[in-house]
C-alpha cells in the first residue's frame, strides 16, 4: 500500500480572468477557481505557484463579498512574481490557501475603522475596506489614510476616486515626494494622523505598510491616545510553506503564516522581532 | 513546449577551457538542451558567427584592453548576459595576480616580449558591463548548469544560493572537515555545487567565491588552528576570491 | 521489568531475527565509515557501539531532501508524492535521547496543519534502543534524559558485561522477540556511564534564564566567531525548518516541487522578495537558535527542545557550544 503525502501543498488551478497594470511594478490579477469563491477572510493570503519557477505568498486584495472571483495585486519583486507578470487573461496559475488569521471584521462591528496603508500595504487593507463598505451599516466611521513614495506608485486610482466621492468614507492621502503635477499632500504618512478628529474610545486602527512604517505610525496613534489593543497590524515575512512548519516566517515564537499575518498590536508589542 | 528556441551565443575570454569540458561532460543532457536552444555563436566552432542572439554566455575573465572592447560589443548585442564559471563571474584563478605589480608579472610570463602583451588588472565581467545572472564554479557543476538552464528557460533569472557550502554538505550527511582540522573553505563559500569536493573527502577550494558577509576573521582563526601560516591562509583566500577580497579591503 | 541476556556475538543473529519481522533500520557504516541511520541489508554492518551520528534519525521521517509533488506544466497536473505505508519498520540502535528527539518532532509536526510526510513515514515503527558511552559533548541527563530514560522505546539493549541485557518495555516490543532462541541469562551490569558535559541549571529554569537574556552581550560575542554556516541546525534532531523549491526537467514540461532542510542560521533565511532580511545580524540568528531550543516551543511543550546529543557542538567549525552558552548565561544570571 502506498499513501499520498503533502496534499496540503497541492495547488488548485486558478484561471486569470482579467489583468490590469496598476503601476510600473504592480499588476492586478482577477482569478477564478473551479469551486470559487475562495472563502477568505480579509487580510488572509494565498500561496501562488508558477510550476517550474516557484511559489510566493500574496495577500488577497478583494473583499470576500465581491462575487465568485478574487483579486491579487502583485509587485514584480522576485522570480515568481516576474513570471506572474508575464501571464495574461486565460492563463492559469496555482493557488493554495487562504492561510492565516485575517482582520477580525466580525468582532469590529460597531467600531470606527481607521485604515492606515503605506505603499503596497494598501493591498491587504483593501480586502478589509471592501468588507467594511459591503457591510457599511455594521461599522461607524471609515477613515482611510494612504501614503506612497511618489505619485507614480499610487494603486487603485479609480477606486480611490470612488472612496473620495462617498460621504461615508473619509479618505486622505500623501506622498513622500511630490512631482510637478502632484497637487496633494507631501510628507510621510504619519503627518496625516495628528489632524484627525477621532472618537478615541470607539476607534480601531488597521495598519499595513513597510517594516519601517509601523514604529512611527504606532507612536502617532499612541499620541492620539489609542490603546495597544485598538491597533491591528499585518506583517510581511517570507511565508514559504504557509503551514507553520518551514520556519522562514517565524518571529520569535510566532509563525506569521499561521498566527498572523494580522496581529493585535498588544499581542505582539513584546515580541521583539515583530516590528 | 514548442516555444521558439532561445538563441544562445558562447564567448570565451581568459580562462582554462575547463568550462568547455564541463559543458561537454553534459553529453546525456545536451540533446535535450538543444531542443530548446539554438547555438548561434560558439567561440571558434562555427565559421559564420551570428550576433543575433537572446542570451550570451561568457567564459573567462577580462584581462586586456581588447577584452574590454569585445565584452562591450557582446553586451550591446545580447539582451541577457550570463557569466559561466569562476573566471567570468568572480575573476577566478586569474585573479591570483591581484595585488602584484602588473609589469613584474608580464616580465615573468612574457620576458622581453612583455611590451607586445598589454595587460589589465584581472576583472570579472561584472566590473566592465552589467551581468544579468551567473553560473558559479570552477568548473561549473553540470547539475547546476542544468538547473540554471531549466529555470532560465522557464522564465526565471536564476539566483545562485547566498548560503555556504555547509548546508549542502550537511544535506549529504558529511562530517565537517574543518572540525577535523582540514582547512576547508566551505564555511565561507557560496553553495550550489552540492558540496561536490567535501562529499569526496576533499576540502573546498572556494571556487564559487565568498558568501555575502563571510566571517573571514573567524576563518583565519580556524585555519591557524589547522596549522596554516598567514601566507598559506592568504594564498587559500586569494586562490579564487582575490578580486572579492580586494573589494572588501 | 522483564529482561533477557544477549551475548555480543549473538547480536547479529538478533538483528537477523528482526529482519524477518520487518524492515530494519539502524546505524550502519556509510562510505566514509561513519555510522548513519539507514536501512540495514546485512546485520554485521550495524554499529551498535557508536558515539553518535552526524545526522539524526529524523532523516528517516523527514528526509534531507524530498519530493512534495510531481507536476506537468503542459496540462497543469499535480501528483502528490507517495510513500510506502506497508509493513512493520524496526529502528535498532537508537540512543534514548534520539527517541526523545523524535518525540519532540512528533509534537511539532502535528501542531496546526499536520505535516503529512512526517505522519505517513512515522507509522508502524518499533524502536529498539541501545545504551551508549558519552563523549565530551553529550549532556542528555541535563535535559532530563538520563541513562535510565526509556521514553518512546519498545525494547532497550543495555550494554552489559559480555553483551546486552534486553529490556522488554512495550507489548509491541516484546512481540518482536517471538521465535528468537539466542537468549542467555541476564548478564552482569556495567557501571552507569559518566557524563563529561552538563548544563548547570535545571531544565525547568532554562526558559526563565532566557526570558531575561534577550539583550545579553553573549549573542554578540558568539556571533564574532559564528560562520552562519547552518551546520548546528542541519544536524539538530529537533530542528525541522526547510526550503521549498521547484525543479524542472530538461524537457521543460515535467518537474517536482521539493523541499530540503534549511537553516535559520544562514543570512538569507528570512529574506523577502523585496530584499529585506529580517534577521540580518548574526547575533540575532545565534540567539534565535538557542531560544528555539530552550524557550519558544518549550513554553508550551514543557520540556526543552534540546535532547543533549551534542551534535551541534561536534559539527560547529567555530567551536560554539550550546551547553557553554547556557552555562555562561546561568552563571551571569546567578552572579
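As written, the chains take the letters A, B and C, and residue 1 is the first residue of each chain.
One rule holds for everything that comes next: a residue touches a chain if its C-beta (ideal position, glycine included) is under 8 Å from a C-beta of that chain, and two chains touch if they have at least 3 such contacts.
None of the values given here were measured: they were computed from a predicted structure.
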Quick check of your reading of the touch definition: is the inter-chain graph here a line, ring, star, complete or other?
complete
Out of A-B and B-C, which chain pair has the most contact pairs?
B-C
Using mean Cα positions as chain centres, tell me which chain lies farthest from subunit B.
A
Which chain has its Cα centroid closest to the overall Cα centroid?
C
Could you grab the centroid distance between subunit A and subunit B? Build each centroid from C-alpha atoms only and quote it in angstrom.
41
Whole-Å gap separating subunit B and subunit C, where each centre is the average of the chain's CA atoms:
37
Two or more other chains in contact with one residue: find those residues in subunit C.
73, 248, 252, 255, 262, 269, 271
Spell out, as numbers or ranges, the residues of subunit A touching 2 or more other chains.
52-54, 80
Residue numbers in subunit B touching 2 or more other chains?
150-151, 154
Using the touch rule from the top, collect the residues of subunit A that touch subunit C in their complex.
1-11, 13, 49, 51-56, 75, 77-78, 80-81, 92, 94, 211, 236-238, 240-241, 243-248, 250-253, 255, 258, 272-273
Considering only the defined contacts, which subunit C positions touch subunit A in the complex?
68-69, 71-73, 76, 78, 80-86, 109, 111-113, 115-117, 120-121, 214, 240-246, 248, 252, 255, 257, 259, 262, 264, 269-274, 276, 278-279, 284, 288, 291, 295-297, 299
Okay, in this complex, where on subunit C does subunit B touch?
30, 32, 34, 36, 54-55, 59, 64-65, 73-74, 224-231, 234-235, 247-253, 255, 260-263, 266-269, 271, 282, 314-318
So, in the complex, the side of subunit B touching subunit A is made of residues 150-151, 154-159
Residue numbers on subunit A that touch subunit B, as the complex places them
50, 52-54, 79-80, 82-83, 86
